[in-house]
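The next block holds one structure in the form of structure tokens; read it before the comments.
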Amino acid sequence: LSLRGYTQMRYNDILSGGPNYYDVRTTNDRSVGDRQNFFIRRARIILSGDVSDHLYLYFQNDFASSPPNANSTSATFAAPTNAAGQAVYYFYNPVFAFPGYNQVGSYSNAPGNFAQIRDLYADIYFDKDKEFRVRAGQSKIPYGFENLQSSQNRLALDRADAINTCCKDERDLGLFFMYTPKEMRHLFRDLVKNNLKGSGDYGMFAFGVYNGQGANRIELNKGTHLVARFTYPYVFENGQVVEASVQGYTGRFMPYTQAIRPSLGMATNWAGFIPLNSPYATVGSAFVPYVNGPGWSSLGNFNFSQYGAVNTWGPAVANGGEGIRDSRVAVTAVIYPQPFGLRAEWNWGVGPQLNATQTAIEAKRLNGGYVEASYKYEDKDFGTGVYFPFVKWQYYNGGFKFDNNAPQGRVNEWDVGVEYQPLPELEFTAIYSHMDRTNTVAAPYRQFQADLLRMQLQWNY
Amino acid sequence: LSLRGYTQMRYNDILSGGPNYYDVRTTNDRSVGDRQNFFIRRARIILSGDVSDHLYLYFQNDFASSPPNANSTSATFAAPTNAAGQAVYYFYNPVFAFPGYNQVGSYSNAPGNFAQIRDLYADIYFDKDKEFRVRAGQSKIPYGFENLQSSQNRLALDRADAINTCCKDERDLGLFFMYTPKEMRHLFRDLVKNNLKGSGDYGMFAFGVYNGQGANRIELNKGTHLVARFTYPYVFENGQVVEASVQGYTGRFMPYTQAIRPSLGMATNWAGFIPLNSPYATVGSAFVPYVNGPGWSSLGNFNFSQYGAVNTWGPAVANGGEGIRDSRVAVTAVIYPQPFGLRAEWNWGVGPQLNATQTAIEAKRLNGGYVEASYKYEDKDFGTGVYFPFVKWQYYNGGFKFDNNAPQGRVNEWDVGVEYQPLPELEFTAIYSHMDRTNTVAAPYRQFQADLLRMQLQWNY
Amino acid sequence: LSLRGYTQMRYNDILSGGPNYYDVRTTNDRSVGDRQNFFIRRARIILSGDVSDHLYLYFQNDFASSPPNANSTSATFAAPTNAAGQAVYYFYNPVFAFPGYNQVGSYSNAPGNFAQIRDLYADIYFDKDKEFRVRAGQSKIPYGFENLQSSQNRLALDRADAINTCCKDERDLGLFFMYTPKEMRHLFRDLVKNNLKGSGDYGMFAFGVYNGQGANRIELNKGTHLVARFTYPYVFENGQVVEASVQGYTGRFMPYTQAIRPSLGMATNWAGFIPLNSPYATVGSAFVPYVNGPGWSSLGNFNFSQYGAVNTWGPAVANGGEGIRDSRVAVTAVIYPQPFGLRAEWNWGVGPQLNATQTAIEAKRLNGGYVEASYKYEDKDFGTGVYFPFVKWQYYNGGFKFDNNAPQGRVNEWDVGVEYQPLPELEFTAIYSHMDRTNTVAAPYRQFQADLLRMQLQWNY
């Protein structure tokens, strides 16, 4: 067993962000946002190795994870109901006219950067050549090349949403069967080792069952997801390598919900629109969208109207207890960068998504993918290191199922950047990013257009 | 110093669960419940070794622990008070008749699987033979053979509640004195090493003081618990080993409380009963049971009626600040499986328990224990590995003091199963379990009868 | 890469604490307080080493950290609004007269002792002699000798507040440039190695930019802090070493706030005073102090009165979004204990502080420091180990910016104690402490006078 790892430290600067500056948010990087600065995105320690000829352990933890309610950048606001309190406040601080709102938000000092599991699996080999294996535990789901490629090796700072929205942290808990011919196993290893940005070995053929609620989440609907993947890397006589894959999964997903005040215009710049004299205008407090999936009749589908909020022994299953249909299929094509590289992936499917009136979550169509071109340049003249200039375009239109209320997201993003490796253990990446995205983190899920300068320093150990 | 560890991945299936399916819950395994699937129960990494001749370090962390508010399977329900919100809801989603309840629950996506201390102690030896030592830090409390035996070696998936309810995670923070004669030290080690399911060396004689509020909990009543244990393993000439122990502890425990709506029938199938025209029927909101222990007069026992909820500088000590009496004594008898093994433990005592009207927590009598028979079969003919078929019966009637409001629990459970070790580093266990238990996790603390198929895959490293 | 670490286990006893016993609280040790007992203050594991000639990794984690809402010793109180519930309660438990308050507090069983990052940085060296380096990541801020000295080596249990209030956990996330001449680098190392309680090497000259919101906290105002430090250790011919330093930082800090009921008398024994017929007397519920800093106009300073609590898409920036001015300068003088040692530090500045009416947080002057005298005695006659008797006086008057609402704190404390090292890997410290301090942890931020006996057992590995 040996220890290794890597750390990613980031700095994101919003160059321009339109009128709705505070909507510049992405799911994959909390330091994309107003008022942000240095940020530790990943802090990994990996304990791995062959325990015996038949058991290989991989145990990766991330020390930059946030427990519930930690590290929030959102201020909470006190309701303007405490008139006497406001009187004291305005008496001593005549900044604003009285009466009025409390004018004050509150930031929490709850800290982040705690240690959380990423991978924890055992590969159990059946044969001496280690061609056949069962992987038990939490592992990456064999769906999408970019998902399987380590963040340590990826050029772009974040994965493309089209494929990445399939799986929380790319991982889930389950059982996976994999088959890799012996020579292909060595090829997969070399594609990473030779700095060709490979995916690692997740099987030429892989099949798995897993919970489907996301990495480190507890199961909520007893329904497993099924996934299958076939990939074939081909080595030309001149050493050039190309790889093609097809993969798909199917299952039912129980969305996570949160009370919102519904409005119209989701995933557009005018999101938050409330028509005059509509039912929306008189809503008194936020509420939770309805999950429009089948119940769980075999366990007794409870008549909720018999249970009020007073009753602490209310039903344990929410409406739509079996969850929403969640199925996708994806294709992948890769030319490894020797020196010119090209990668493209696309997926289509159906998944949970908040409806246009923001009152229910339903199964909706989705599709999207990306194309990335890169070039590997080793500076042999001056020995300054290795350079990977690249350009990436991504598109997605569909639900972000792991965000609260599974809002619709529309993504159309260009990244132009370069990864520079002055030393094998040190990488610096700078990217100019033009984003046209939906803020799926908070209602009313408004579209934003922004230009960012993104930088990352990575050290490997 | 060296690193080692083990992981337990589980799958529990409820074969039959009677009318109150959603009450099938146990304290020791959150994946025993409706809508569950794969689950990581333990993910351990142990850093241990001799720092010098006089100091031994043992630092065990569990990476599958849940921080507060994480990984909940319970849906929260919005109160049906927002009439205008409901109007919007029913206007766009005419699933249920209006007016009515909101019909929607909400699941949190707060993740689990964070790293938390299990053991962190230093053994300080006074003599060269390491017979006398003081253990400082968080360690297992020397009470009960099954508590001391590692989960890595236990046959049954969970410890018997009768003894295990003594101590949260079997551990607490304190100082422990231990004496083990040199040869017995080697014997304790061999009983584990030779796959005989030993307890490890917690002293032939042990005495300790500890906080008593449970592992990783902060002290609340300044009152230490005292514990003492004497155990004697005897080796017969034919190599057979038997062990007998007696142990006891005493102290005061400050219960953890949570607002509930009280009702009658705790620990029976009709729990939750609210008689017509009783005071129960008109309760407006949930409230917290009274802790019926002595106050903390030496620090000034505050007159609570002078402090309202408005006052954020209210008193820091709750009623019953010294806690509830908590004392037990237990006996142990063990025949090690060479090949036939038998183990029995029983304990009697008094401890915190919610009263029958669910309005106060008081000191009540408790008793219970278990008997486990096992057989060790090494397949030398075909070399398929080692098999441990076993049967276990457990009984308990008393308070679950570490659960909120320390409810009464009645346990009568049969387990029949087999642990199979195809490789030394790999174990698979399958158990048929017939449970007659109280759901001590949530009010009204109802009794359930259920049959389960329980499976576990464990890998050691 | 190698693993090492240390653990500190504590026991604090309040010998006398005046009338307001429950105000005996300090920011630096949660086991200073009523009803406390054994406590794990630090549980460290450090992964460090040279990755290559140009990269050094230091990754220190603390496993005794508390995630949000964990390990609280404060009871929460139910509001006396549920008349029917109280009727049930008093009907079955006639302990107090009815009608009245609920008389019951509730303790949470949320556990602590989770793993959190302390240091995570890469030292990138530019020259062969490693004199010039850039440190990227989370590291100690080069401000104050005692801050830089490891807790593993410090004599007093806690750092002096005057300097330590500069930085949460002494650390922050940023980029630091350091220059140390080669021989001085060896000197810094030896001052630690030879048990002379050195600070380690943070550069003869250091300059840094960092977020400024504290270790493991997310940035809130995009404004970096700047820090610079110059230190010069001088070795006399007889081997005696003295060191002098000057350091300073400047930036803007966004305070963390929490609703309180305001009152007069902060940082005095009569804190909590509410004059009759004043606006204070009729305050209905707690509210949040106003942050009196400039807004964030370049991002659009939102007109908050347009957003109510209903609107979940309210503004993301609170008032005073750029934060409060936060600048300090400090001087240091050290004589290393060969055998007599002396250390003194003092700092002056301006920083966030709650005003006297407890309604707004403003920039206020602050100053304070400490003097510590120690003596190193090696028992060569009987070989019982090394003794460090010491006495320390500290003073501070200023804001505790990292505590909620940045209350004013006045500290005047004497410590007399001894650190005893029977073995190199084992330390025991006993201290008599006379405290005259403000309880900055909870409103109304009352002053207390107390005598404590404080003990610590530390083991190194």
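Points worth noting:
To keep things simple, chains are lettered A, B and C as they appear, and every chain counts its residues starting from 1.
Here is the rule we go by: a contact is a pair of C-beta atoms (placed from the backbone, for glycine too) under 8 Å apart; a residue touches a chain by one contact, two chains touch by 3 or more.
Since this is a predicted model, take the numbers as computed values, not measurements.
Chain contacts in this assembly form a complete graph, since each chain touches every other chain. In the CA-based superposition of chain B onto chain C, the rotation angle is 120 degrees, rounded to steps of 5. Between chain A and chain B, two chains of identical sequence, the interface residue sets overlap only in part, with shared numbers making up under half of the total.
Note: centroid distance chain A to chain B, computed from Cα atoms, is 34 Å. Counting partner chains per residue, chain B has residues 3, 67-69, 114-115, 259, 283-286 touching two or more of them. Remark: chain A residues 1, 3, 47, 49, 51-52, 54-55, 57, 59, 61, 65, 67-69, 114-117, 120, 122, 124, 136-138, 173-175, 210-211, 214-224, 254-259, 262, 279-280, 282-292, 296, 299-300, 304-305, 307-319, 321, 355, 357, 359-360, 402, 404 touch chain B in the complex.
Those residues of chain C whose C-beta lies close enough to touch chain B in the complex are 3, 5, 7, 9, 19, 21-22, 30-31, 33-40, 43, 45, 63-64, 67-75, 77-89, 91-93, 95-96, 100-115, 259-261, 272, 283-286, 423-426, 442-444, 446, 457, 459-461.
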